[in-house]
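Chain lettering (A, B, C, D and E) follows the sequence in which the chains are written, and residue indices restart at 1 in each chain.
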Amino acid sequence: MDATLILHLILWPPLIGFLINGLFGNSIPKWAVSIIACLGPLTSFTGTVLAYKFLSGPAHDIPLYTWFIVEGSAKINFGFYIDHLAIIMLFVVTGVGSLIHAYSTGYMHDDKGYSRFMAYMNLFLFSMLLLVLGSNLVVLFAGWEGVGLCSFLLIGFWFENKEYNKAAAKAFIMNRIGDLGFLVAIFLIINKFGGIEFTSIHETLMEEGQLNDPQIALICLMLFLGVCGKSAQIPLFTWLPDAMAGPTPVSALIHAATMVTAGIYLIARMYFLFDYSPLSLNVIAITGCITALIAATIALKQNDIKKILAYSTVSQLGYMAVALGVGSYISAVFHLMTHAFFKALLFLGAGSVIHGLHGEQDISKMGGLKSKMKWTYAVMLIGTLAIVGCPPFAGFFSKDEILASVYSKNFWYFLVLAFASVFTAWYMFRLLFATFHGQFRGSEVKFEKVHESSYSMVIPLIVLALFSMFGGFAGLPELTGGEHNLYKFLVQTIAQTRFKVSHLFEYSLWGITIVALISIAYLTYRKYATSSKVVFESGNSLVSKIILNKFYLDELYLILFVNPLKKTGSWIINQFEYGVIDRLIRIPDTLIESSSIALKNLQSGKLSWYLLSTAVSILLIVLVFIYR
Amino acid sequence: MMLALIILTLAGLLILFLGFSKIRNVLLPVAIVALVAAIFSLTTQQTFWNQYLTDMVQIDGISRKISLIIMYTALGLLPFFNLFKGRGQEELSDFLGIYLFAIIGSILMVSALNYMSLFLGVEILSISMYVLAGANRRSVHSNEASLKYFITGSFTSAIMLFGIAWIYVESASLSMVQLSGAATNMMSFGFLFLFTAFALKVALVPFHFWAPDVYQGTPTLFTASMATLVKIAAIGAFYRLVQLNYAVLPDWINWYFVLLILATLILGNIQAVSQNSVKRLFAYSGIVQSGFILMGFLYQSEFVDWTMLFYFIAYASASLVGFIVIHFVETQSGSDNLDSFVGLSKSNPGLALVLTISLISLAGGPLTAGFMAKIFMLSQSIQNNFTALALVAVISAVISMYYYYKVINAIYSKSADASWSVPFYYKGLLYVFTVITLIAGLVPSFLIGLIK
Amino acid sequence: MNTIPELIRTVPLQHYLVLSTCLFFIGMIGVLVRRNIIIVFMCIEIMLNAVNLLMVSVSAYRGEASGQIMVLFIMAVAAAEVSVGLAIIVMMYKNLKTTNIDLFNQLKG
Amino acid sequence: MQNLFYILSGLTIFAAIMVIISKHPIRSILFLVFTFFLISAHYVLLNAQFLALVNVVVYAGAIMVLFLFVVMFLNLNQDIERFKSWIPLSAAAISGACLFLVFFSAFRTSVLASHENTGGYQQGLVENLGEVLYRDYLFPMEICSILFLVAMIGVVLLGRKERVEPIKNLVP
Amino acid sequence: MNSAGVLILIPFIFSLLCFVAGKKWSSVVALISSVGSLFYYLLLLSSYNVKTNYVAFGFYYDWIPSIRASLSFGMDAANLLVLLLTQIVVCLAVLATMVKGNTRTGAYYGLIGLTHTFLNAFFSSQNPMTFLIFFEATLIPVYFLILNFGGPKRKQAVFKFFIYTVFGGMLMLAAILFYQSNMFPQLRLDSWAEFYQFKLSLKYQYWLFTAFFIAFAIKAPIFPFHTWQADLYSQADRPTLMILAALLSKMGIFGFVRFNFFFIQVVYDWFNYITVLCVIGVVYGAIIAWRQKDIIRLIAYSSLSHIGLIAAGTMTLTNIGMQGAMFAMLAHGLAVAGLVFVADVMIRRTNQHTVDSFSGIARNNPRFAVYFFIILLSAVGLPLTCGFIGEFYLIWALVEFKFYIGLVAALTLIFGAAYMLRWYQKTMFGIPSANILGFQKLSLSEDYIFLILVILILTLGLFPADWVGFGQFAYKYMNFIPDN
């Protein structure tokens, strides 16, 4: 099948859905909105399947038209590129996307902005597809900014709430800081390589590239700044927890499964460049480690079900970053994929819980929901087991692969990640038990009203649960004797050698994992499957305060950047602009005015004075011209 | 030119006699017809009269053109004398007679070849203007203006004569042209005094003090002729004087002019900024404009000639409109303060429009005559390596925006005054001047062609 | 006929020049110093007369008549000026009842 | 003859100074008349008899009488000058004197052009003057008539009694 | 008869008609005029081939032979985009006046027409003298527009604007006269090519460039010369402001585009100082805009920020910078016209001027919110809008030329987002306040204006290649690179 046709089939349906729903959403019935909205991602998914079937050979470069052009420097196509990495990403994006769309039709059905919501979701999907499919950095950047925009729109979807708006703006601006780096990196790349297409960069790099070239390092770091923004790495991660203000499907799709992984995707996409700069890889790995650990730590103390998941997302993104940093790109993509499944599942499950509880998000007010929401409980359990890395769920394989690969490169990174995964297990089990086990900690009336969600929500959950259970089999480790299909598939694009670890290490890792998980599960069950709220109250100790307040990072930014800027702004408006600049500029003005008034006295109206001044002037002139 | 002088004189006499008779409404037509005839006679060459002129005056290229400009200006102003109708037949006839004689004086000034005729011309013009300045006998302001003008004027005459006398001492001749060789020291002094006298007449800083007071006190229509007719005549004569003697003048004379120009442009502008009376403001504007025109004195070329003429036309057409509008506003509201111009755009849009355009032209706004005139002057002085002077001129033009702006601002302020109107023929004339201003700005080459 | 007057033989022209310059500036100082308008006006007449003297002397020493003609005209002009000037002064006096020039200062600024 | 010149010159300057410093206007006028007579005497010495005559007739006779008339008419024979401040006064005097000194010093240092007599010493006589006037200076002579006409109308205009309301009285 | 002269003549004749047409018809006349010139321009555009004939549709008039001043108009690659912008924005501005309760008089439309005429003449000028004349002339109608139809404090505001700009213009006048009369007495300076060809000695170039720079910096405005801007903008009638913000600010930039190549060495020497000023403007304007309460002032300072970036781009004298500047002029013009109109819609309906006095408009006026949002996206330079392309090129050029300056200039990405979103969220989002209750739906003409803007913004963002490409020809022409 023709690559261009498939591309069109993948790319445009969400946009069409967006346009129809966006323009006429208010005038067509809801069921039509739902169908149109879901049709887009589904068609894209179909296209993806077709792409997998027909285009898994060599990469396809599809330049649609010349976007803009600078003679002598670069020609920037509005072009697309389908290769193995893109196909994997497409599966994630369109697959999870379709499911979440379907879920949303149930979840958001009663909202008065339903059609708008679906339109935004479609637009997001379109932007994401641009990002994934772009054949050059600029198109990728377009998608990159597009998803940021949709993120802004969806976080602030309930725009009448001021807090949500703040969160939305925060997300957008933090992303923009990253985008600044990205954009600068683009320019540096154009300067360095004279082109912007991935293929041309790759080729030029192969010919001329030098290891440890400072320019390349700068480019990589700038790109990584962009990644920090989008994939919520330290120091730009604080927007992601706040972004949970959006509706839950948004959190699932954008802030867990797809958008936030765009950074990971970018680095995987540009892996050849990063390979030339070990320095930046190290920076990435260290940042990833810190992010993973800190986010996991913060998650331990959170009570908001979505916030916990958000921090967990940040933490998992840190894992991926570390994987990238040690050069194990495929492991990162693998984890990206599985993470998309189980994190989407968890979010949607959490959404189902929230939906069932009519908007309650605090786990300290839940408990014992197992009986009321059987399906939800089941899928949440699967999701939890997947994320904590319990074999044979999806998370186990990917996480294991990352840990192994990190271990093969640097022991200290491994140690940090191991700690982080212990924390992960703790807070995930805590969430699970606190929500579904024990006694309901809210009022009776409320408990009565708790209900299981509708089928449109449950069915996607089940599908995702299936993926979370079996998704890991795409990359079976060598030890199991299975094939690592994903590696085989991706290595055609990402030319990366596999890491090597001893079998002994791997066996011990598995063993330790299982033992640790069981013990943590036991401990947390003991602690959180209760009817008392006390355990959810954070202590007054310094450490818990710091953790609860997210290491005071927001406050730090406020003090360091926002407040000084605000103050400067007010100072400029109130004092500087008119007090200094305007006055400086108007010096001649005032000078003229005042001297004019002073000169008025010269014109006293007295004739004698006029005649005298005439005579004196003559005298002066004569003097000047005699003694010149 | 003799014919023109005769026509004007006879017409003046006729008007004076008609003033005694009871035939109303005929005075103005007579004056206009006479002036038109004089203009016509001036445009044609007559050799017949030359023997009577005996080298006292000579109507050559530039003096003919300046005379024509003066006469056209006078012709433009003449119809407005109808506004004096209320003051009785005799007064009108006196005004018209004196006015015609004043024109004679100015023609003499700009075409004199001998200091004697120059002096006589200056005096005829000055005495006429002393009288006209005091025409409003009951008004203390008018009296004061007349007196100040008179005292300064006769003082000026004395200084001028002193200068002429010293030139006479050295050259033993009163002819303006027969000098050869460099001027001696005392003759330079003579020229210095002579030029200073002209600077007084033209009202260049620092000899300008009388001008604003006199302009303000004089009845506005006569101020208009002072600002146009007298000024052009004085500058024209001055220019002729300088150009005729350019070869013999000491080399520092350019610096004398530069000094005058700088003082005029800077001080004149700055003094004007805080003015409240529009008439005074226009007086200062006239002072500054003459400073600009003086830039043409610094060098000699044919180019400068028509540049000056162009400037005259630009200045006269704009200034005339300005003063006439001031007159109307003054009669309407009783004062020439800025306050009485507030809301003019609402109460009389026509006058507001013409006044605005004339102000823009005076300020040197683009696509008006004033802009072109300034450009010519500036490009002249830059071409002759007076770049710094041109820069000062440019900056002074910016300062001048300050006060032109004030007037325009007042005109377009919102105000709920009742509207009033002026007769259409006056308005029509004003429109004609405005059109001249605009045409001179839009197609200057047309006007230059006419001048040439 | 062409006898040289004794004065011209004995006194150099320079002396006349100094004398008339002296007179001119005396007149000028008078103009500047006095406040009575009539006296100011009279001082202007002194200045004119100084000029006249200058011209006549040069004319006489050099045998050039135009200077004396000029003087004739200056006198004529002076007469005309005086008549107008005095008319103005009288008119002014009628309104303000003073001849001190510094009191005519309504127009200023 | 030289002595006569110096006496006359001294008297002229004295009279002129007296014009300035006399406090009484009438006295000033009389000194002015005296100055004019002295200047006429100079004219006689310079062999310019016609001008001497004219000077006496026009200046001393007509103009000064006019002055006298006005002073008497306006009843100005008392001193109206109040010397409030000596500063501007002395400034005026000093600047005038300075101007003279500057001019005089320039005059002293400069060399005058040669003074050959070209037309004889009888130019000041009536017949010579008349010939020059009506041969070379006819035109100014005619123009002079216009001047007088203007002056005449002017005086009439200014002296006329106000019969109608002025255009607009600017008196505040 | 395809000539740039006609393009100037159309609005001129119609503006005269407007003066005499009554209140009722003048707006229609003005609309006909602006739409007519738009279509005429499109006609010209369709038959313009930059490759065969760089300066096309020339109109030449030997104006004042004696000082070698000629009027010359024409279309070339450098002014093509900005002329297009002029036609569009004037159209929109006239449309913007045609709302219910419009009390604007014939004089208003006449002055708009005159402004249009002079702008057309200015942008299509083909020699320095013409450039200068119309640089100054444009002031006059704008001045009267604001003086007659402005806000309560218009006098001081317009005074400041006027004096500043006139000062700059006069300096430029002196510079051009100096150039024209002193250095090449035999030169006629009939076209830009002649102008670029002959260089003065460097000493003079420094002086002349200073004069030009001050003139353009005031007009644009660039950082320390900007204080007139916010005052003026806040007092201008808003349809006038559309023209003012979108077109008049471009005159300064256009001056840089035209003249910088004459002063290559000077620009190169002073690049650091000038761009530092520009970049200070970028940050400074953005910070003020961020804390600004008044909507119109916010727009003014945002404009300062953007213009600083564009000016800095022109200073690089590179192909990219020039292309970017030319396109960014168009992009910023559209965006800022849109923003002004958004402000107009808000202020006209509620008579409130501050950001804080609005809230929750989006609830009842979703269409308005969408339009606003798209315009805003262009203003903050989001990809797929035309604003992005301009910013992309400009920052690219700066980063390539001087990395750190480029980096600081790129901060506009962040600050721009910050202040624009602040404005948007405060006014559009939140719970509708009492002021908003009577907020009427968009009328038909308003809808049209927004639609046109949005379509243009998106189209130019998606298919900018040809438009940006024109800049390349201009660059070659100005730099004397032979066309291959």
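Details
Quick note on the criterion: a residue touches a chain if its C-beta (ideal position, glycine included) is under 8 Å from a C-beta of that chain, and two chains touch if they have at least 3 such contacts.
Worth saying up front: this structure is predicted, and the values here are computed from it rather than measured.
Any chain bridging chain B and chain D, meaning touching each of them, is among A, C; the list is complete. Centroid distances built from C-alpha atoms place A farthest away from chain D. By the count of C-beta pairs in contact, the leading chain pair is C-D. Comparing each chain's Cα centroid with the centroid of every protein Cα atom identifies chain E as the most central. Using mean Cα coordinates as chain centres, the one most removed from chain B is A. For this pair, chain A with chain E, the centres built from the Cα atoms lie 37 Å apart. In terms of their C-alpha centroids, the spacing between chain A and chain D amounts to 101 Å.
Mean C-alpha positions place chain A and chain B at a centre distance of 78 Å.
Inter-chain centre distance (chain C to chain D, centres taken as mean C-alpha positions): 3 Å.
Shared interface positions of chain C, defined as residues touching 2 or more other chains, are 17, 27-28, 31-32, 35, 41, 62, 64, 66, 69, 73, 77, 80-81, 84, 88-89, 91, 101, 104-109.
Contact of a single residue of chain D with at least two other chains is seen at positions 92, 95-96, 99, 103, 106-107, 112, 118, 136-137, 140, 144, 147, 150-151, 154, 158. Taken residue by residue, chain E touches two or more other chains at 163, whereas all remaining positions touch fewer. Working note: touching chain pairs come out as A-B, A-C, A-D, A-E, B-C, B-D, B-E, C-D. If you check the complex, the residues on chain B that touch chain E are 303, 306, 345, 356, 360, 365-367, 371-372, 375-376, 378-379, 382-383, 385, 387, 390-391, 394-395, 397-398, 401-402, 405, 408-409, 412-413, 443-445, 448.
Across the complex, chain A meets chain B through its residues 592-593, 595-597, 599-600, 602-603, 605, 607, 609-611, 613-614, 617-618, 621-622, 624-625, 628.
The residues of chain A lying in touch with chain C in their complex are 600, 603-609, 611-612, 615. Interface residues of chain B facing chain D in the complex, by the touch rule stated above, are 9, 12-13, 16, 52-54, 56-57, 83-84, 86-88, 90-91, 94-95, 97-98, 101-102, 104-105, 108, 114, 116-117, 120-121, 123-124, 127-128, 130-131, 134-142, 146, 169-172, 184-186, 189, 217, 219, 330-331, 334. Residue ranges of chain E in contact with chain B, taken from their complex: 62-67, 69, 133-134, 136-137, 139-140, 144, 147-148, 155, 159, 162-163, 166-167, 170-171, 173-174, 177-178, 180-182, 185.
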